[in-house]
Structure formats: C-alpha cells, structure tokens
C-alpha cells in the first residue's frame, strides 16, 4: 500500500464546507428528486463560432467550488431540495438535425415520466426550440415563456435552418407557442432587425427593452411578465440567454454588447421566478467557455442556476 | 463557371436583417447626406503606447454586425438619415506635425463645402486639437465644447509637443476656444495634476467630476453643459474620450481606471446631444483595439456613435 | 560624456504633473510621518494558486502613474500628508509559519515605536491574522475590525493550517478579537459554508451581505459598522479583501464572483473610513497581478489605497 | 471635396513593394490563368472545436503583407504566373452534408472547364474527401495523393459521419482512391489507432512517420512519394494538414503535438511538389486562426501556399 | 428514463480508437502491474511562482486524447504493459516540510512492496530530492542518476530551504547520492552560478551542456551517461526537468530559455532509457499548466512519459 | 525600526549566485570600462505598430535573472569584462526627426571620447541609420556592416521618411556605407521587394538568404562575412534584427515569419563576432515586449547580448 495518496484531480477540502457537487446526485429514474438538470452540449448550430457546447460541463466544474448555502435567506439548499443531474444529451458529430431531434425526445421523455422542474444547461439558443417542442409534445399543454435576451431570436428559417437565431420563430410559427404567452426581456438597439421586432409584436409577444428595465426597475417588469406568461397556460418556461447581461459581466458570450441588464438583476430575477410554482422549466444558453476570461461568464451562469434553485427551495420552504 | 462560390470575407447573411455597413455609403462630394463620418487614424502622438489609430477601421468592422434599427424609439435610422463615410485622413509615417496639419485641413475643407454634422473617429485625443482648429478656421465661428474625459488634457506643450494630453491646452491658449464655452465631464481623482485643474478653472472651464455625475445624475449635468456650450456660440463640438467610462466597460482604453461613468450614461448622453440641433461635430477617441478583450471596447465605441446618430435622426424625426 | 541620455526605466515626464511615487518617501525610523505603508508579499498560504505576493510592488508600480491630487476635495494629498514606504516584510521561501511570525513581529515592532496609521499591502488574507496579532501584542489594546470580503474567512485550522481562509478564525478563537467588535461586509451566497456563518454569528460578529448593501445603501451600513467597531475598543482595523467587489471590477482576484459591491462604493467607503480618527490600520489583500487583465485589478487596489489616504488627509484637513 | 483622405482599411504603402494581394486577381471564367485558388470555409465537421473555416480569409489577409518575390530563385512570381482567386464555396449554416455536396460540385465544376492547378484553402480535412470526389467525378481520372499529416484520417464513418477524421476512409472505401497511389507522410505515435494503421497498410497505402523523415531526410521520401503517387495515375493531389508540422511552428492547429516536421521541410517540399507537372491540386487544411498566437500559424500557411506557387512558377520558368 | 443521455464530461468516441486513459488502470496493491505512476502535486516550494502542482492531473487529462499505439515500433503498449495510476501524494496546504516527508514516505512505501518501474509526475524539482531519499531509504541501495536540466539544482540550503533549486544539493551533501554516479545533461550558459558548476564538478558529477549535445549528438552522450549511472549502482533514476528543452518547445515551463535540447532528442532519449532494464524510476517536473499556451507544454510532457513507457514496453517486447 | 523588512521589488537571492544586473555598472565618463551599453527606446518610427521602445529596459529586467557565468567556456564574464550601462537616449514624444538626431549625437559623443565596443539596445531598426551616421561622423572612419535580418531595409525614403524599413537606404545612398563593405544575412522570400534586392545587389552588398544558411551552414557564411566587412575598413558594425530568427524562437517580433535562422546559430554567431577585435559596435533591434509571450523574445535578446559579451571576453581571455 502506498502511503499518503489520494485520487487524481483532488483539491483542497475543508470538511465543514460541502460543495454543490457533493449535493447534486446522478439521476436515477427510480429515485425521487425535486429538480433535475440536463446538459445540452450543442453549439454547431450557432451563427457565430461558439463553444457553448462546453457550458454544461463548465457549470458542473464550477459546482465543485460553490456551496449550497444561501446566506441571504439563511437557507441550506441541500436540506431543502434533492437535485439530480441527468447528464448530457448525446450529440451527433455532423448531423445537426438529429441533435435537435434528440433534445426534443430527451425533454419529451422526461415529462412523460417526471413532473419536477427541469433545468437545461445549453448549448446555444437553438436548444430552446427543441426543448419547448419536447415539452409541449409530451404534455399536450400550453406554455408561457419568459425569455431573457438581447435578441428576439426569430430569424427566418430559410437562410440557415434552425440555428441559435431562430428558436422563437420555430415555436411561434409552428403554433407551439402563442405570442400572447411570451414576454421578451432585455432587448437592445442595433442588434435586432426591424422586421423581427414587427414580427414579434404582430405575434402578440410582449417586449421589454434593457433600457426600459433600467428606467422602470426589473421588479415591476417581472410581475407583469409572470402574469402574462402564466395566464391561461399550463406552466411557464424561463429561457435565459446570457447575453441579456451587459458585456461587463459576461465577457465570454458569443455576442457581447453594452447596455444590458446587471448581474444582480439577473440573480434576483431568477430567484424570484424559481419561487413561482408555475415555472416548470428553465434553460441557460449562449455562454462560451472558450472565449471567456478566467471563467467569469461561467461563474455568472452557475450563480444564475443556483439562484433559480434557491427560488425553488423557497417554494418548498415557503 | 465554378458553382456555389461567394466572395472572400463573406459572412452569414439574413436577408431580413440589414446592417449598418449596408446603410452607410461612401462619401461623394456631390451627393446629399445628413451626417458624415471621417476616420483620423493617428496615435503615435500618444503619451502611452497606443494603437488607437486602428479604431476607425475597427468601428467600421463592427458596423458589419450592428443594424440601423433602434428599438427604444422604434426608429429605423436608415430611413431617416443618409450617412456617408469619407474614409480616413491619410497619415504620414514619421512626420507627426504633418499629420496634425492634414487633419486640420481635412476638417476645414469639409466645412468649407458642407454643413451637415461631422463625426470624427479617432485616433488619440490630439486629433481634437487639430479638428477644432480646422473647424474654427473654416467657419470663423465661435464654438462650445462638451468634453467627456477622465482627464483635462491641458498638459503643457513644452514637455512633448502636441500629444493626446494637450488638445485643450492648444485650443484654450491659442484662443480658438474660450473656457467659458467649455464643459468637461467625468474627471477623476489622482489622474489629473492640480496645476491643470487650476489652469482650466482659471480659464473659465466648467468641470464636473465622475463622482459628481454619480451623485447628481447625468441628466441635469447635461442640461447645464449644453446651456453653457451653446450660449453665445455658433455651434457645439462634443468630444468623447472613451476613458471617461469606468474601466469595467472599456478594458481596451490606453488609460483605464475605476470610478468612471456607466455605459448607459454614455449612450443616453450621446443620444441626447445628437438630438440637439446646435451640435455640429462629435469625435470619439482613445480606444485601442490592440489592447482590447474580445472587441468589447470597440463595441462600446460603435454603440456610442450609433447613439449619436439616433439623436441626429430624432432631430429629423422630431 | 554621452549626450542626451537619461536613466533606464525612465518614462515621459510632465514637469507640472507630480506622481504619487514622487511623494511617498522611504521610511526612516527617525523622520516624522503621518502614514506608513508596509508590503507583505505572502501568498503561498493561499488555498487557490495565487501570486498576490506581487501586489505590493504592483501597487507601487501604479503609483508611478497616479498623482496625489484629489479633485473632488480639491486636495493635494502631498501637501497634507507625509507618507512613507517601509518596504516589504522579507518572506522565507519554504517556511510559511516563519513568514507569519515575521509579519507579526514587523507589525508589533512598528507599533512599539510609532502611532501613525499603518497600511499593509498584501499578500493574501492570512497576513491579516498575523498583523492583528502583532498589533494587539504590541499595544495590549482591544480592536474592532471592519472586514470587507465575500467570505467569512473562518475556516477550521485543522484541514490546512493558517491560510487565506482562516485569519478571523485564528483571531476569534484565540481571543485576540471579540466577535462583538467585528463587522463583515459584502458576504455572498454559495461561497460560504453554513457552518461558518453560524460560527461568526455565534461569536457575535455582525454580518452584512453584498445584497443587503445593494438594497440598503452602503452609507448606513458604514455608520453602523464604525459604531460597532469603535465601541469599547482602542482602535479600528479595516481589512479589505479585493474580492468583495463584483468580478466585473476585479478580474484579477483569485476568487472572482458576481454579485459584489461596486467600485464607487469601495472608494467612498475607504475614504470615509480613512477620515475616522480611530482607524489605525488598513490592509488590502487577495488581488493577483499574474491573473489580471491590463492591471485593472491593481488599478482598483491603488485607488482604494489612495482613497484611504484621502480620508486620512481629511482628518488633517478637517 | 475633403482633402487628404484615403479609403478605409488602407495601410502604409511603399510604391516599390507590390504585394501578393495586388497580384492575385479575382477569378473570371473567361480570362486565362495559370493557377486558381478556392476557399472552403468548413470546420463544423471537425471533431474538436475548430475555427478553421476562417483560414481561407486569414491567408488572404496575410497576402496583403507578403510580396510575390522569391529571392532564393530570384523569381518574381507575378511575372511568371497568373493566379486567380475564385472566392469561397458558400457553406450552409446547419446542413453539413449539403456543405460537402457543394464542395464536391464546386471542384467538379472547375475541372469540367479548366485544367490549371487548383489550390484549396480549407477548412478542415473533411473538405479533401469532397474535393477528391469532385475531381474524380469530373475527370473520370485516377489520382495519386501525397498526404502530409500527423494522422491517417481513416476513422470509421459510423461514429460521427464525414468529419475531419475520415476523408481518406471515405475515399479509400469508395474506391475513389486506391491505396497503392497514396502516400502518407508525417504520421506520429500515440495519435493514431492501431486499427487505422492496419487499415491503411492493408489498403496498400505507403506510410512514412515523422520520425522516419527526421532520420532519412525528406528529400528521398519525397522522391519516392512522387514516384508512387504519379505511377499509373492521371495526376497527383497534394493534401497538406498543418498539424504535420511540429507544434512549435503551428501553435494554432486544432491538434498540436510535438515530434513533427520542420517548417523548412514543409516549405521546400511544397516548392518541390509544386514544380512537378503532374501535381494538379493542392489543399491546405486544419489551422484555426481563432486559437493562434499572433497569426503565426496563418503565416506558415501563407508561406506554404507561396512555396507551392513558386514551384508552379518554376515549371513555367524551367 | 430520459432518452439519448450520456455522462457529463463525455467527448466524441471512436470505438476503434482506444485512449491511454482507457488503458491505465487505478492502482490496487494486490493486482499485478508492470509500471506505476504517482502524482506529486507540489510546487509551493518553487523559487518562481509556479503551478507545476497541476501537471500530474494535466498529463492525465491529455491521456484522454493520446492512444497507446506507437507506430514507429508498430507496438500497442496496452498489449505489452499493465500500467497503474496510484493517484497523487496528498499535500499539506501550508506545511511544506511535511509535503516533502510525505513524498519520501510514499516512495519508500512503494519500494517496500513493489519492484516495477515507478514514474513520478511532478510537481517541481524539489520532489526529486524527497523521492530519491525515499527510494534509497526503502531499498538501502546505491543509485545512479541521469538528470536532464538546464540547471544544476544544487543551490545552497541556507537561503531558502529545500526548494526546486536544491534537490541535488540535498542528495549529494547527504551522501544519498555520490557525484560519480550522476550525469547532468542539458546545462546552459548564464543560468547557473559558477560556484555551483564548481560544486558539482568537485563532487564528481559528469556535466554535459546543451551546446555539447548540439555538437556531439545525444546518442553518444546517452551511452556514456547510462554507463556512468549504472556502474556500481543498484539502479538508475532518470529525472527530467522540462526546461532542458529549448523554450520554443515548452513555453509553459517556469524558467524558459533559448539554447536547449530539441523535443525529438527528448523523446528518443526517454524511449532509449526506458528500454534499459536498470532504470527503475523516472520523474518529470517543472512544467506549469497555468502559464502554458494551448497545453503545448503538457503535450510534450505526456509524450515524454509515453516515450518512456514505450521504452519499458520494448524491454518486455525485446 | 521595523523588523524583517527589505526594499520594494526585492526577489529571492541566493548569495552564491550573482546576477548580470549585479555586474553591469552605471556608466561614469571617468571610470574605465571594456564594453558599454546604450538603450535607444525609439519605435514610433516603425511601419507596423511596435513597442520595441520597451526592449532596452526589458533586456535590463532579464539581466536580474541571468548570471555572468558561461559554462561552455568555463568563463566568468564578470572577472574578464567591465561593462557599463549608459542608460537610454532620451526620446522626444512627438518629434521623431529630433529622436534620430539625438541618437546620432549620442553615438558620436561616445566615440569622441571612448574606444571600447558599444552595444545599442533598440528600438526599431531606424536607430541603426542614426547610429552608423554618428559613428562615422565622430571617427571619420570607414565601416563594414554585418546585418542579420529577414529584410533588406532599403525602402525608398519618399513614402514615409526614415523608418525601420530604411536604415540601409539612408546609409548606402548617403555614402556613409559602401555596399561592398556590407553583408546581409538571413533574407527571406516573399518579404522583400524585387526592386530592393536589385538595389542592394547593384550597390555591391553581399546577400545570404536564410535558406542558404540552412544548406551551407552558418560557419562558412560568417567567415566570409567578416572577411568582407573588415576588408579595407576601420571597423565592423554588427546589426542584429531579431526577426532574422525563425518565428518559433521570437514570437514577439513585430514581423514574425517562418524559415529563419535557429537560435543556436544566432547565439554562436554573436559569440564568434564578439570575439573579433575589429567589431566595434553591435545593435539589437525590433523585438516588441508588448506582443511577446512570457518574455520569450526578450529572453532570446538577452542571450544574444550575453553571447556577444562572451565573445568580447574571449578577446580578453584569448
């Protein structure tokens, strides 16, 4: 026996300081849980060069550094919630349509069996199109969407197929979503075509620009957004594109830009939404660990997910 | 004929999503326009090592990604404004005094023929000295200046000649500008010599520190600044040094520092000023694409220019 | 004699623009001064890989660019304060316990002779443990501490000895500090173990999270913190961990994270505290120049120190 | 008219120093030429994350810095060769099979009309599979291949479809190429599966490792390779994967590794092959400008292409 | 059951392409093996700031990309050798003397039970001092050392204790090694003090500079080195400091420099030595993944280890 | 007195390991010396953006890490040579012609008083033009030049004045140098205009390409070069442009490229030339610390200077 050895990839451990990675368990279909996470490592469907496919594992990596204790609520998440990690949807190397089909089927298969909130770790925003299709197909329900993004993501499908620029076009044009159930928050000037603004407005989507958030405060915006998205729906899907944040917080998104939301707004919004019982799915997309600086963007992503989990824990705690 | 080919340097195009680069046309002296842009790629005159000479072309490059639609005003700039790009003033490789002379002559030649607002894309701040000289020489007018900067830029001329540290010394000491028509906004502690603070105050310049902007709000500051700069003058020149912003927004300026304006303040200020009919020139200077991270600073610069253009469009729209 | 030569490492000098490095003088035990600085280049005691040992000399380097003039107070620090630099405590290459002992002895030796405020330039946070021990040992006094940090820094001492995660454990458990005299400001969710939150609360420490600062404003928090730390004590020690700031301001701290204080809050807080006559020591720790981008984090650190000096000057000016 | 202006993106010009970009002309089907270049910006088909799709335009960019004069042969390429640039094959955003089909059709359409040597600028190595199919389909000829690579590139097609790991599997298994006409040069240890070594050997491919090149010299290897590839064939295709070079020369290839060829070997080999009249196509693949340092890898790629052109010029000069 | 999922951190797999990480098994004391690897993640003992403690896990990470097939010998290492990974010696956070003691004990415990060759993955060079002490203490044997390094590593122990600059001082001065059994290969000008050159020469060490290797060829040098190190000894220890290579191959070593060995020389030397039956231990030290570019240095380190394993396999194959 | 303190910017010192920076003394006109160094921090005269002005101080910085002991010659340079550092020629911020004039005057003033070899630390290559003018003007002598460079540096003077592309045009066209006394070594294809090749050949300059060096060996080339440069001249000037080396060795030169000399060739060449008694000046130019990676290029520059000093020491030792 060799003395003093430990396993590879060990790091300093403080025995009083448990980590998120100690808490989140692998998914087993037969064991109960309160929230599930599923990675969707697809980003070849991105318009710009993106390694967002690395984000799910990057977030998991950062969960080795974060702990489950929320000081502001004096809440140990690990005491309130059983969270499971179902792994990643397996992508095909070259057949991107097959990738979308697998995501759709994976999400559908989840909702055929489970009813706990599901968090998707993207990937680029094209995964949302597939995910909502899987959700609606499995449940036959009607859903509202609260979509944080600098962009509408309703590009036409002729110019390049289903990409990270098209998820809401896919969903609105197919009838999988109705515009009146959709709220887009954080839109910006000069990065959206007028044609697409007009498209979403005609479809009945509610649009709130980042500048409106700055001047009105996010609190009222959220109240109204939740009211719209949960009215006459079977549930709410929250889709969080990391580029909704000002570029100073997320240097590693594929399309950074100035004039976005603050990181505190995002963290508090996701906590608030996580606490809403109608919210059944959340995704986080479009951060590229390969273009990041010191994992700053991944750190924000991990905090966004943890804030959402805190919200869900508050449902249980409440 | 070879099938399926397109020109080099093509990128993905969405046929419903026009870009700023599609909109802005090359300058032709005989064709009417509403706003002109002129690059001034000079930065060998900088005190610190700077590639700000690359900023004009970097901003143009980012105009291939930005579009002319302003959602907050539901305004398609391309429908309201004809904007032309006159190219760059040609610099000499080693004769820097000649560079300043050419800038002065280029600006003077513009105002001898045109009267539409002119945007200069610097370059370092020494270009402002030359530009204001060209303007006043061509028009024989009196001008007010609103100068966004962390620094006074009134260094003495003995220690190094006309550099990016001296434009307002050149202008105030020559009488090209009167201090009572000048407002400096965004000044910071520890990066300005007391002697220069005293110089500008004695010259009658109005000084507003970044910290004052934080506590008083930019709105009132701007109102007062415009009142001062337009009082008894023939027009207003807005000079925007990118380092007026907090370093978290502009990692690529040659002299970054904490305690500056926010990017939303800058965007809204330039839009507000663009809408003022007395504002005849604007420049943007002192961002160095070679020291940037993921073009974040260039992205801010492009948004500042677009915000100013939105303001000008609002003049026309109003 | 060779013509036109100047010394190595010269840079452009404007004869009207003195620098902080011109003002701060080397420490001589027999010459009077108002504030002393002492570098503590230790970071092998850090949990994560850190070159914070380079911070003292990095701050000094940036003092060649900053000047002593505070525009907001129209105050030339160099006219108000004599500041001396005592150099760095010499570290041992491999004996880290000896390093702590030397820091303790250096601080103790200082207070045995001097009574002017002392600024420590860390280094990692373990230096605070040694410094407070040196201070209390030399003066036999009772001290309050205002501790800016995202973290409690009260890890157990069994798992790794005296590291940057343990200074307040060392001090509270030894009785060198009493919890009722300690205020921690800026704590964050998910980066502190519940066990340590409970430990500090039981010890009587006052805890203010970063999110509380966001919603309550730092002004009131500071008033209360100073009241607590100065009540029944012989003086106040301010310890500033750079990671208390949001990661967008300090990309170069070893443990960056979202949801922190703003840089203006930090600068104004340190100025306010510097002006309090009971504040006798200040330290700044845990910024790593080797992981920084364009010295942005060092620039913040230098501004924090200068803000504190401005505060001290205001004592004298007041 | 504005004085002293020049067009955007101008750079310093020495009127006696013409550039490659001045020499290479756009392709027009009706104008004669000696060599054509065609960009193939596809790399979503890569196994590892790769922006090799940027290589064609990156090489073109570097042609603005290189000139057509070869000093070692005292040869002005621009006097000997008319070279045209046909642009890039247009890629589809999400349908990667369609991308391969377009490449195949583009190459086929070329050979249906022209008979001058054709240089493909990749892209990843999957483009070679499509290119050779296009060539053989258009000409109904039999071709030899000299393939510089650290890897066999004969992965099975079941695990991920036609990727940068499979071009020679596609070609050998379809009968488009016969192994006896193929020479692979530069193979390395530990990055090729035994199963694939055995596959190519059984197919009759000639294999020369990088280590054999080191000890035997490239000259003899090339002689033999050309003999094999031109024996009983209608022409020779040279495929150059940049990772055949030792990683010290090409830090920007997706799969760098030690123990490769030297850059002088590559430059001299391509010149030698370019001079062979049977060589009808050449491609260069698998360098990723996004992962490069100071364009070092792109610079090598550009020199490789210029060396090949020098070879072709020597055919004409000879 | 969720469809299409795979475990986190999966990557593309080709079922015909096994990887080194598939082959190397965890160490179990009771299962037979041919070679063992042991990580020694210590680098706080380095003179310059070094994260060489990350090298063991970095090499393991790269073993997920490399395969066990050596083409030059047509040898599948996985068929010839059972290699086990014993994990890492656990380091203490702040007690560096304890770290050395644990390394010594770990190595000693290994040799008390096993007699297969052992590969240490450092860490900095101080680990060699502890390792040789452990080896000699456990076996009571006499060992020769072949030491590849730009440096003598015989600094005095007074100035900083046992650091990466002192391992051979520790060993020679304690008598654990005799100079006549030691050969140092790759020494360079200007990075070794004359005093230390004289020390090793007086101790009887054989010194071969990098420049001598350039002019004499490594083959003869190795023959002589092995003859010296194996003469009158019970075994040979090969210590490989990555900085023996020219900096163009190893940008990530803490002390890079020009004028070193080539990477082919290193790979062939380690293979040759691995094949010698007297060689019982090998270590690889002083590469810092945190300062590397695109893992280039780690890639070399992994290839050096694989070359040594190929050598050992050749013992078995021979 | 504060205990345990040392001066700022101290680093670990081994008392047996003196450094080059301990050895080289400041220049005093009245104290004897064997070699002088003079920094020439000018690079605003460069065609491409260059911070080569930082090279003199960067080399000095690296002299804190290198020692004066040459192992290959068992020679302690500090025992053989008194070397002095005269500091830097002071540059003007904006008047570049004045900069050249000062360099010329500084060099002239040196040779009016001293006759020991002088090493210039550039700066860009334009400094050589000024330096040779200063030398010839002061001594009225005739000089030979051995010029290591990838480029001829004889651009016309009309297009941009005296830049880093023109020094030998300035010198040859003015008659300060005769072509028959000049040898250029290391020229490359595609980076020199045919017109300039013809210019130097017509002027009688001897040209040796890098590829000729590869095939002929540097030894013979050097013999011949020294013969030419010293024939009928009063001394030899060696000018070393760092870009003569292959880009793998010098990633930080402004114009890196493949196909250059090896670093061992450079080190041995400069040592060989340093040993020649006719060699009176040497310069090293065109490395940009701001574009380097881990100071690799500065390290090479420092070794080149030390190799030259070793050569000079061998004159004394011989």
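A, B, C, D, E and F label the chains in the order they appear, each numbered from 1.
Just so it is clear, a contact is a pair of C-beta atoms (placed from the backbone, for glycine too) under 8 Å apart; a residue touches a chain by one contact, two chains touch by 3 or more.
Computed from a predicted model, the values in this text were never measured in an experiment.
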### Query
How many steps does it take, at the fewest, to get from chain C to chain D if each step moves to a chain that touches the one before?
2
### Query
Which chain has its C-alpha centroid at the greatest distance from the C-alpha centroid of chain F?
A
### Summary
Of C-E and E-F, the pair with more C-beta contacts is E-F
### Message
Out of B-D, A-E or A-C, find the interface that copies A-B, where copy means more than half of the contact pairs are identical.
### Response
A-C
### Task
Give, as an integer number of Å, the spacing between the C-alpha centres of chain D and chain A.
41
### Summary
Rounded to the nearest Å, the gap separating the Cα centres of chain B and chain E is 57
### Summary
Multi-chain touching residues of chain E, meaning two or more other chains, are 12, 47, 93, 159-160, 248, 293
### Message
So with touch defined the way it is at the top, what topology do the chains form here? Options are line, ring, star, complete, other.
### Response
other
### Message
Judged by the touch rule stated earlier, which pairs of chains are there in contact?
### Response
A-B, A-C, A-D, A-E, B-C, B-D, B-F, C-E, C-F, D-E, D-F, E-F
### Message
So in the complex, the part of chain C that touches chain E is made up of which residues?
### Response
44-45, 47, 49, 51, 53-54, 92-97, 159-163, 290
### Message
Show me the residue ranges of chain A that touch chain E in the complex, using the header's touch definition.
### Response
1-10, 12, 27, 29, 38-39, 56-57, 60, 85-90, 93, 102, 105-106, 109-110, 113
### Query
Inside the complex, what are the residues of chain D that reach chain E?
47, 155-156, 158-160, 165, 187-197, 207, 209, 211-212, 214, 246-248, 251, 256-259, 291, 293
#### Entry: Sites on chain E touched by chain D in the complex
12-18, 20, 65-72, 74, 76, 248-249, 263-264, 267, 293-294, 296, 299-300, 303, 306, 310
